[in-house]
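Across the two complexes that follow, chain A remains constant while its partner is chain B and subsequently chain C.
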Partner chain A sequence: MRRALRHPSFLIGASLSAVIVFIALVSLVWTPHDPGQMRILSRLKPPDASFWLGTDQFGRDIASMLMVGARNALLVGLVAVGIGFTFGSVLGMLAARFEGSLLDDVVMRALDFVFAFPAVLTAILILTLFGPGLVNAVLAIGLFNIPVFARQARGATLQVMTRDFIRAARLAGCGTASILVRHVVPNILGLMIVQASTQFALAILAEAGLSYLGIGTQPPNPSWGRMLNDAQTFLARAPLLAIFPGMAIALSVLAFNLLGDGLRDIIDPRLKER
Partner chain B sequence: MSAILDVVDLHHRYPLPRDGIFAQRQYVQAVEGLSFALEEGKILGIVGESGSGKSTLARLLVALETPQRGEVRFRGERISGLREARLRPFRRQIQMIFQDPFGSLDPRMRIGASIAEPLGVAEPGLDVAGRRRRIVAMLERVGLGEGAMMRYPHQFSGGQRQRIAIARALITHPKLLVADEPVSALDVSVQAQILNLLLDLKLEFGLSLVFISHDLGIVRYLSDRVIVMQHGKVVEEGESEALFSRPAAAYTKTLIAAMPRL
Partner chain C sequence: MTLAVAALVVFWILEVLPGDPAATMLGISATPETIAALRTELGLDQPPVARFLGWITGMFSGQLGISYAYRVPVGGLIAERVAVTLPLAVLALMLASSIGIALGTLAASKANSVIDSVVMGVAQLGLAIPNFWFGLLFVLLFSVTLGWFPSGGFPGWSGGILPAFQALVLPALALALPQSAVLARLTRSSLLETMGEDYIRTARAKGLTRGQTLRRHALRNALVPVLTMMGLQFSFLVAGTIIMENVFALPGLGRLLVQAIGGHDLILIKNLVLLFVGAAVIVNAIVDIAYGYADPRLRVSRP
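Entry: the complex of A and B
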């Protein structure tokens, strides 16, 4: 714990992430303006006292849209990483427990197959086939998270399974399920959380990318990626329009990456014994 | 005297990683044609240098691994090659102590929970208070207090952890204990304490003991009978005193000659 408080990337990552989460939570109950309200007379306004970050081409408040966009980005990250984490961890642990069996081969080769496709490109394909929208985008991103978590879980589980305390648990009469739940999960959880934090950043980026292309979050739901796309047309007249959502994306990706890096150092398995 | 443990023509080998999916599998022969018996209440010492197959033998004896050929019998009943469910009644009677007390306790589990684990499987009917009483009594018997229950393995020294491992192994009152190099990872000053604790507990619990070690001095001090292993085979077997004073095999003589004299 003390090491965590002294670790710069953990500190910066955790505080930034906390700010983003806080903003997203606040947007549930309060935003400076209604993010969907258009004001023909106040189009493309620069930042002022009323519209902190200015308005877009429809006169909508940028600050409010960014706040609600944060909610979207976090929700996507949470659900997509949740899908990958849950299915990936279970599959990886089972593959490791039955290492070398048909189950192991089938599961890991199937996941290699998913892994072999460029994620965003295939997400575009999926969204074109099943229709654009936030739900499908989340499912597509989640699908590509499964192999990442499965590989990590399999490797970590294999390592834990060689330890004597697993043998001791078998001697105690514990079955496979109880060994996995009571001994393997607690010992690989730290690594998995580190991975989750990094994947979270990637999921936010992927959602922004898909929305930028117009196949992620659909209007009128504000999304950072789509705001970026909208801003493109007015880049010469109102460059700030692109800068704010761009910064939001960059900062949140940076935040969760730093958090992941920091956690990785803190939960380093080489230091675990101490 | 009847035998608590019978080992008949035991063979075990490990597969090496294959070069490719069509390549022939290669194997390492770890145990080759071992046969011996352990009398009830006795201590059988097994010596041999590293790589002689001692640890593999230990895992075969407690049915953590299934031999390719041969049998391990506990009180006349075959335990090798049984499915986990059919093995369960034997589990509580056959326990093992591992060499590395840092690896044999789950770092994320409190000592109390660690010791409770085999008890929970062996005696599921025991209530929380009863279980706690048994654990505290066992911890005190191995020289640790009730306070140890809520702590984690990393808060203990190597010797203390081995005491905890012993408590965990003996909590279900097993009849056979296989100790795989139980003191070789410990400081010399602690080794004697742990060995004496093991000897005391052996008498108290009526244990039969298989004691595996590369340290001939310790094996000679503890064992009734001794088996000398090399490359997975028995080189020599005999009563402890006779074997050490009049070794027959050349390998045994080499081992004894290499012993440091104090």
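Entry: the complex of A and C
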């Protein structure tokens, strides 16, 4: 813990993430204005005392939209990484436990295949098929998270399985399930959480990209990516519209990347980049 | 092999799963008669296996089908767009690798100095910024404010190389920057790891300076993981072109794909997706070959 408090990237990452989570939580109960309310008379206004970050082409308050957008981004990250983490870890651990079996082969082949598909392409395919929207976008991002976690889990499990305490547990009569849950999971969890943090950042980026293309989050729900798309039309008249949402995306991604880097160094100092 | 499975999956997803492709393509205002007519035109009255084989054999003879929305052969449509996307992707890859490897080498050669921290800090920032935001910022700075580059569109290669190149520089740079951040970090850590090897100590003992050993002995060995990453990154790059072509209104494959999705042009979509997957597979094969050049020890041992 003391090491955590002295680690600069962990500190910055953790506090930035905390701020973003806080803003998202606040947006549930309070925003400066109603993010959906349009005001014809105050379109494309520069920042002032009432509209902290100005208004968009419909006169909606940018600050409020960004706050709600934070909630959106975090939700996407949470669910998408949750899907990848759960399915990926289970598949990876099972593949490792039955290493070399048909199950291992099939799982790893299938994951290689998902991996070969460029992720955004997979997402676009899924969104074409099931229609654009936030839920489908999250599912798509979650899907291409599965192989990432499965590979990590398989590799880590294989390492843990060679350790003496696993043999001891097996001699003591533990079954496969109990070995995996009670002995493997606690040993690989740290590594998986580090991965989750990085994937969380990537999920936010992916959702922003899909929403920018217009096939992610649908209006009227605010999304940072969508706001950038809208801003592009008014780039010459209201350049600030393109600045703020991009900064929001960049800061969140930076926060979770730093958090992941910091956690990795703290959990496993041997992996530290010199 | 991967490509064959990919073709099967794409076909299955787009044509077998979601009910009637003809109805999807025509939208909700279609009458049963027009749907029936399109079904015949598309050959949907044949069984799926026959249609799949038709598509695959067509691919080898260059007959990819007729785009529903554009009413022109898909093959020609794609060929036209490749002339934009391929130079864009290649330019971006070249920029990403040269910037990334140069910065990574610089950081490693001055490890733990101020320069190192600055470079790595910038790289961390580069990782976080979405490439389409880079694109927007570039348009804002270089096109809207300074007027140095066009803000979008593509004049075509027929109007001379320079204007076409000018149209591609900003999107390629926007695509390349986040990737070069990844490569810079990787190059640095890989180089530092290599610098700890015995043969580096030997080279230093021979009297070479740190910079000389870095360039002559370490860099080449350190590039193997960097090459792997470049192969993996290509799929990010491909995905990036899809977004970037929409930022800069470039008439490339990515823009075509998004338009095809908007117009429910299933014939176009399936061919484009397969093309993208195919490109990723080919690039990974090239990377495998490149290992051999970077590190001759890997030539035989790779299965």
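Operating definition for what follows: the second predicted complex is superposed on the first by the 268 of 274 C-alpha atoms of A that agree within 3 Å, B and C clash if a C-alpha of one lies under 4 Å from a C-alpha of the other, contacts with A are read in each partner's own complex, and residues count from 1 in each chain.
The criterion applied here is as follows: a contact is a pair of C-beta atoms (placed from the backbone, for glycine too) under 8 Å apart; a residue touches a chain by one contact, two chains touch by 3 or more.
Every value quoted in this text rests on a predicted model; they were computed, and no experiment measured them.
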Is this a clash or a fit when chain B and chain C both end up on chain A? fit
Pick one for A:A24: touches chain B only (first), chain C only (second), both, or neither. neither
How many degrees apart are chain B and chain C as seen from chain A, counting from C-alpha centres and rounding to the nearest 10? 100
Residues of chain A touched by chain B versus by chain C: which partner has the larger set? C
Looking at the overlay, does A:G209 come into contact with chain B only (first), chain C only (second), both, or neither? second
Using the superposition on chain A described above, determine whether A:T128 touches chain B (first), chain C (second), both, or neither. second
Thinking of the overlay built on chain A, is A:M93 touched by chain B (first), by chain C (second), by both, or by neither? neither
Once superposed, chain B sits from chain C at a minimum Cα distance (Å) of 6
Which residues would you name on chain A as touching chain B in one complex and chain C in the other? 273-274
Residue numbers on chain A that touch chain C, as the complex places them: 9, 112-113, 116-121, 124-125, 127-129, 201, 205, 208-209, 212-213, 215, 225, 228, 231-232, 235-236, 239, 242-243, 246, 249-251, 253-254, 257-258, 273-274
Under the stated contact criterion, what part of chain B meets chain A in this complex? 59, 62, 64, 84, 88, 91-92, 94-96, 98-100, 102-109, 117-118, 121-122, 154, 165, 168-169
In their complex, what parts of chain A are in touch with chain B? 163-165, 167-175, 182-183, 186-187, 272-274
Name, in rising order, each residue of chain C that touches chain A in their complex. 2, 5-6, 9-10, 13-14, 17-18, 111, 124-125, 127-130, 132-133, 136-137, 139-140, 144, 151, 185, 188-189, 192-193, 235-236, 238-239, 242-243, 246-247, 257-258, 261, 269, 273, 276-277, 280-281, 284
